[in-house]
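Before I ask anything, let me first share the structure, which is written out below as structure tokens.
By written order: A, B, C and D. Residues from 1 in each chain.
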């Protein structure tokens, strides 16, 4: 079994690419974790679909204000410079291309940039939330995900088999094994775990990995 | 020469049909005069395109606040319960059918309800403002106008000869001689000056006047 | 002009069988619990209104609010983006049994369709959902080299929303993220009914602070100490 | 993050030849006179920027503000709803001489096209202008038995707007009816430059009172005592 990054470490790596002053939306669940790892000296401004810009950390237990929640319905606080707005204005920010970065989870990402992250098929209750808007909104749409499924199948694939969230929308993928860009409808490997060979990584990836210049080392602190 | 209502008197007559609590937009210029004649016990709420609901009378000379103006760029005051909003919200009120009444001036009104009030032809500088929005906005779109042009030609016509502001939009016309509804694409005479015969009125009108029940007397105070 | 009404019963009396009802709130923030529960009480007492189409971002949580509406059997269909919650039983059970309909709409499209209804825009184009199952059957057009899906306005007969302050003319403010869909729904409904924490005289709300101008509001009822959904769920309350 | 800049000169330096520039204000309310005059000064000193397309509800008044821009020869075309004013000479003379272009847009359509650009909506349908000369050449569609005209979004390279308060993150409030088109233009422009009467620290503007969130703003310059167009015209000022 090859060592791989934990979810926390994937979130840490994704956070390193967020620039100072960037407007950022983090998908509910796992991607929310990215906010914890802002590099020193940088401050991103976080957007939540339900109408807040520049919200802060969770309040202490017992101090929740249930009118002050994020899209995941978790209680948040405000940073200085926060603003409230209604849902149409909130998605004007999204759809209008005003966000710098959106970071989402994924079931599958295709080499074309297609993303599937909202439905595992016709069973159960479908729910989409803001994901289909976010993938067309931000200047940079990134995904954080395990490199493979629990069963060991590639999540980075040639074509998505699950219902799509968006077409040709993802530009960067942070996985438990690598950092991969999508350029001209192909996967381009940017960084990989030092402990892993290119061939090993390719064998766990469902489409060809291109190389363009040096492959960086994906090194992440213990967290 | 037949006696006819003054502009002030036409405005007075139009004001009598505005119900208590109605949301009203008055076109710039002549229609603005309607606000002066709200019947006792009734209070309409006036909307101006540039983002105020419930504005009041003009301030005293020298007390103007030039951030507090109406669509005609005239200084106004606020009534209790006023609100400010931006232009998209302002025209959401208009286009979305939230106004009860819009009262506009006219060059020509056709029996179909077509209105021409923005352009006298290709010469000069064209200007449309909010007129084309207002004619599709209010639940009731009324016109106040002299019955005939300065040259004595009918302004109420079978088909407009001037560029249209809107198609099938006007439902009532208050003129210097009569009150006329537009029903099923025809003029229906509701009130006329007592001093004028039906035939005289018909001769000054460019399309047939129908009668549906009694013709009321258009009686207006000296003003 | 005074849009205040005395009772919740009067407030919800306008809802009729088969109506489309928009209900404000995202999670518990902005959920008009008292209006919803009054509507449920009316249904239980009289059998009406039933076969409602309910528009909200979610489809209820626990056994209160919209979840309790669904439990009661008065809802024929939900229009929402995310019919899940920490406790989604009410919707899930009925949905999987085929006893309630669902129109799933991406969240931003839902907001924009509601706004469009309020703004007199019958249709618009959005990049959202292009190439996905949720665009099936919808017209597609290309503008400046990119593909867009045509979406239609979404109107309602009645909107039930929760405000912080209301004046007697219906001008409203909201509390923090309780704003969410409510200002849009107020624009999109034939009649908008508001429960406000406090009703004040006209002029008491700064005209710069009005979020929903009174023109979009038909009736206001004061609910001075509204229940918060999250607290009710924590307490295990069922309606 | 600090979006404040020190000088008007720096504020207008981003405007390049041929750009589309949205300028806030309706009448004098909200007109960013100081930004406009700085831009004119730059053009007079350097010959750039020229061939601008200017978007505003009107087309200038008297010999100051947008009228002075037109007088200076730096404007190739106006996009507006009402190119008239109490003293419309600047535009009228050039227009009748064929020396300036005009795209006439109904006021509500102008506002909605600008909002659409900011909201990522490339096209929408409106009843406004259906059956009129201003709908010529535009697609028409029928929805629910009524006819509508398809209108396209209206984007700009730069927006110049005037605010009341701004914080260093670009959150804005406006003064009364000076709000008008400014919040929409801030959304629709590639870069939004703001002159504010006062710049404050983040947190000094109540989050409930923010009209334009900072995400729509790129640069803020303080102009503590802005001129008001109506006063300048009364005084017979020309730029």
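One rule holds for everything that comes next: a residue touches a chain if its C-beta (ideal position, glycine included) is under 8 Å from a C-beta of that chain, and two chains touch if they have at least 3 such contacts.
Predicted model only: the values in this text are computed from it and were never measured.
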With chain centres defined as mean CA positions, report which chain is farthest from subunit A. B
Does B-D or B-C have more contacting C-beta pairs? B-D
Chain centre separation (subunit B, subunit D; CA means) in Å: 30
Geometric centre distance via CA averages, subunit C-subunit B, whole Å: 36
Subunit A and subunit B, separation of their C-alpha mean positions in angstrom: 56
By the touch definition above, subunit C meets two or more other chains at residues 112, 115, 119-121, 126-127, 174, 176, 207-208
Shared interface positions of subunit A, touching two or more other chains: 52, 84-85, 88, 91, 94-95, 136-137
Report the complete set of touching chain pairs. A-C, A-D, B-C, B-D, C-D
Could you pull out which subunit C residues touch subunit A in their complex? 26-30, 57, 81-86, 88, 91-92, 95-96, 102, 104-112, 114-115, 126-134, 174-184, 211, 228-231
Under the stated contact criterion, what part of subunit A meets subunit C in this complex? 48-52, 64-69, 73, 84-88, 90-91, 94-95, 114, 119, 124-133, 136-137, 163-167
Could you list, by residue number, the parts of subunit C that touch subunit B in their complex? 1, 115, 117-121, 167-169, 171, 187, 201-203, 207-208, 210, 213-216
Subunit B contacts subunit C in the complex at 20-21, 23, 43, 45, 47, 52-54, 78-85, 88-89, 91-99, 136-137
For the subunit D and subunit C complex, residues of the former touching the latter: 112, 116, 119-127, 141, 143-144, 146, 148, 152, 173-174, 176, 207-209
